[in-house]
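The following pair of complexes shares a single chain, subunit A, combined with subunit B in the former and subunit C in the latter.
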Partner chain A sequence: MKLSQLPLKNLTRRPGRTAALMLLTAFLALSVFGGSVVVDALRGGLASLEARLGADIIVMPAEAESKVSFKNLLLQGTAGAYYLDASALERVREVEGVGQAAPQTFLASLKADCCAVKVQIIGIDPATDFTVKPWIEQSYRRELQDMDVVVGCRVNADVGEDLRIYDLNTHVVARLAETGTGFDTAVYCNMATMNTLLKAAEDKGVTHRITSDGEEVVSAIYVKVAEGYDVGKVCNALNGHVRKATAVKAKSMLTGVADSLTGVSRTVALLIGAVWALAIVILLIAYAMMINERRREFAVLRLLGASRWRLGGLMLKEAALTSLGGGVLGVALAALLVFPFTTLIESSLGLPYLAPAPGRVLLLALATILATLLIGALASAWAAYRLSRSDPGNALREGA
Partner chain B sequence: MKRLSIPAVIVLILALVVAIGSQTFLGACVHEDGSFGPCHWAARALLGEGCLAAALALLALFVEQARLGLYLASALNAVLGLLTPGTLIAICGMDTMRCRMVMKPAMTVLWVLMLAAAAAGCAMEYRRAKRG
Partner chain C sequence: MWGFVMILRAENLSKRYMRKSGQGNNFYAVKGADLTLESGTVTVVTGRSGSGKTTLLHLLAGLLTPTEGKVWLDDSDLYALDDAQLSRLRNARIGVIPQGRSCVDTLTVLENALLPGTMYGGQADPDAALVWLAALGIESLAAARPAELSGGELRRVAIARALHQNPDVLLADEPTGDLDDENTQRVLRLFRDQAKAHHKIVLLVSHDAEAAAYADRIYRMDGGILKSD
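Coming up: the complex of A and B.
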């Protein structure tokens, strides 16, 4: 047998010890990889929400916060609806500094048969929309016809199928790319389709009328501020000019989300740090104990002619092999625990959550395995140094 | 004296979690009107497969001579369990439904771990059999 084969033989001959060391490093890798993927997904979700929101100011009915939080609607796709008279759109456009103003009308579907849950239906005006339209154009380049709908990636309907809403058949023409936000569970249509659906909803007893004769309603108006104007000042002007409505800066809405995200990231980082500190101490103790237990074995190898460097190398190779095995096992376990539960994590955290792309996941996995390898090598290096300083003769006499 | 088989103990624990969990804390969607969705039947199938996996693990604990075959059967049963919710028996369509958000991912984790434990058991028994 060659000396280079010795580390592998040592590991396979002591499966209990090898398994314990591998489990310890696997735990390290699991915490790092799992934590990194979750934090990365939260960051991706926030970036995606920023990109999707696309407006500087959102004007919504004053009652919106009390009925269903607009933030919940954005983040979790909570279905809900509130309305402003459509004349509010003209009032918004009158305000100096308003560059673009696009209305959206919301309607919550009823629960349908077996699996359906309430979904948020959002009516957009393709002629003026600058928020959802660019995103829809990534999947569907044609004009939305009457009774055509585009669905978020988490809505249970395929392209070409009919989606029944308030006993009316709508035709699914496209599915949108994932955003990790409440937009993924929404259904989009043009204003003509929305008006038809609003009428159908009213026939079913779901009222949306603001006044007895008013049928034209909007739920939110997205505003892009013209160049050279201050967003805060335009927002204040809108609050003063549009009655029964509240204008909110989109950034202030996102600040709350960003703060929650920072809190979660900090907690995850703290937990990872604590796990690493504990695991490094345990690894140091484990390798020190292992060296102590194997002093005679190493003394025999020294007497057979193996140099101190060679013995150190053997130790490092053993540590590298166990760390590599543990790292791969930990990454695999973390992947098994994190990826299938994406929706549950997103819904529990109540924050936008967009799973990282496969390339990024691979990169995180490789970085984790490399870090685990490094920690294993460092922990064993100390033990190997102590071993190189000991006298083989003494070790053999002590054991006799 | 009988050798205690660690993989059999792991399979037994996981199988009990599948059988009990699929009907309780990891169960399918509950409809307000008391009606069943397709995921209800997927959960019923999981109960059966979980009980079968538990029985195989119990046999593996007590019948040493048949362990290799019992582990193989457990591994195949784990593959069947993995395919049950969503592939062999439909579950609800929306990602936010309980069966998709909790039941299917939890069952995936449990069956993959069971498959790994059964495969480890197979490898151990095969090596033992080869050594004589």
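Coming up: the complex of A and C.
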């Protein structure tokens, strides 16, 4: 029997009391960790959306609601079927201040064999593209051949398989990393493949306004502004120079998303804050009650020669073990709740959601456990301090 | 036989309390107590309930800061020491058997008896503790938890703990209160033996007429005033 074993004995031999305090702590850890992971995933989603976009300006067909449908593409992976003549690309390149200009063509699939939902097919020009190519290159280093496709992580087709789109077979050559955005349900191909698919779609009467003489069409042109030029001015110049098209700053395109994201993050952060405050108060009260109930027990230790510091150390150790156990339990429970239901959380929030990397999750988990540990320590230190202000002789006559 | 004498001395010792109700809201539980206890003697303090006996004992044990006066153990002024020094001194030299229950309920009887010895990293000596449990007739309860024990058994655990602590001063608050005649005799003999054979300072608070038979000196508490009988 050593004095250092006393805290553990106090915990294991009063399992009811220990469990109650641990569950309380676990509830705190659960809310804090779970909430932090969700907020982090939302922030990650927005960052990845910005990175995926990678452009300063987006030139789109001037038709109504194109902006709305573009946002839908970002978030849900659906887009309207409006197109620009490929000649618009030349006009864009003529504008001063345009550094890079890369066309993309969108086509919504019918229900493909692969997927329960429509997938968005995006044609890119590998020669000029700077938006998705770096991302694709993370998974697939070779040039995209005709009828090759690269699929987003949530398209249900494996590398090496064929994906049937408008009754044509395409070959899946790579899968992309998760972004948490609508791009995860997209399929990428080169422009030649895109034109073949457009034809097939047109034959089925799905798309309209495709130029009859086989001239290429594009859905959007991504522009990177050259060094030293103002994005706003280049944007205005584009609007003046390119007919039937609207140029929009990419940042303004994202503000709606970013705003609602900020709203949700703030709400979640506020909730976490409230849970923290509540939990701190509840834990402090719980510890105070527990320690008050045990005043006589602690007075007996003082009577047997424990100094204030020694007794405080014992109380601290007991509280640290309790809050550590509770913290680990809460984090584990949160992991069980948050990670399996990522899709559900994502769809109910309707915002880009990118689960943080394991390293970051670990960091959040450690921070949460550390925080609960700190609260436990604080609560017991406070209780120990209050206890030490009264002579043991007073506590000894209580509840004898 | 012993070349030196240890002394626990109280000088003009007083403890004043504030009562929240009643008219005399400012009263002395102990007032102006002078007391000198020498090693090798058994002192008994008697007195009516509420007369201040427990308060006096706590004051002498360094557990309750006096309103006035001082307590000396040899040349240590107890209440001039800092908490760490006083705690260490109490652990090494003062064994207290308080009124009422005083076992840590998450420890077994044996672990409770060993507790003072482990307080400053000492080696626990279960065999020696078991000898004291046997001397008090509770060795069969060594592995039991306090919640399973009777009042008299708990009393004897506290006594065994104080004896195993082997201090210079033994302060016992109604140690025989819950005990039958046979155990009362056994406990009183042990205390007397501690004083006579082991040269300790022994103070017993007791209503028991039998305790008086073992006493070298008897005091009476009366409304906070300590009087020699």
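In the analysis below, the second predicted complex is superposed on the first by the 381 of 400 C-alpha atoms of A that agree within 3 Å, B and C clash if a C-alpha of one lies under 4 Å from a C-alpha of the other, contacts with A are read in each partner's own complex, and residues count from 1 in each chain.
In this section, a contact is a pair of C-beta atoms (placed from the backbone, for glycine too) under 8 Å apart; a residue touches a chain by one contact, two chains touch by 3 or more.
Since the model is a prediction, treat every value here as computed from it, not as a measurement.
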Subunit A as common anchor, with subunit B and subunit C clashing or fitting: fit
Which partner reaches more residues of subunit A (counting touched residues only), subunit B or subunit C: C
First, second, both or neither for A:337, with subunit B first and subunit C second: first
First, second, both or neither for A:126, with subunit B first and subunit C second: neither
Which of subunit B and subunit C A:309 touches, first, second, both or neither: second
Apex subunit A: angle to the C-alpha centres of subunit B and subunit C, given in degrees as a multiple of 10: 70
Contacts of A:263 with subunit B and subunit C, given as first, second, both or neither: neither
Subunit C versus subunit B - closest C-alpha approach in the superposed model, Å: 14
Residue ranges of subunit A in contact with subunit B within the complex: 77, 114-117, 154-157, 185, 336-337, 340-341, 343-344, 347
Residue numbers on subunit A that touch subunit C, as the complex places them: 1-3, 6, 9-10, 13-14, 296-297, 300-310, 391-394, 396-397, 400
Interfacial residue positions of subunit B with respect to subunit A in the complex: 29, 35, 37-39, 92-97, 100-102, 104-106, 108-109, 112-113
Interface residues, subunit C side, partner subunit A - complex: 54-55, 58-59, 61, 63-65, 83-84, 87-88, 90-92, 96, 98-107, 110-111, 114-116, 118-121, 124, 126, 145, 161, 165
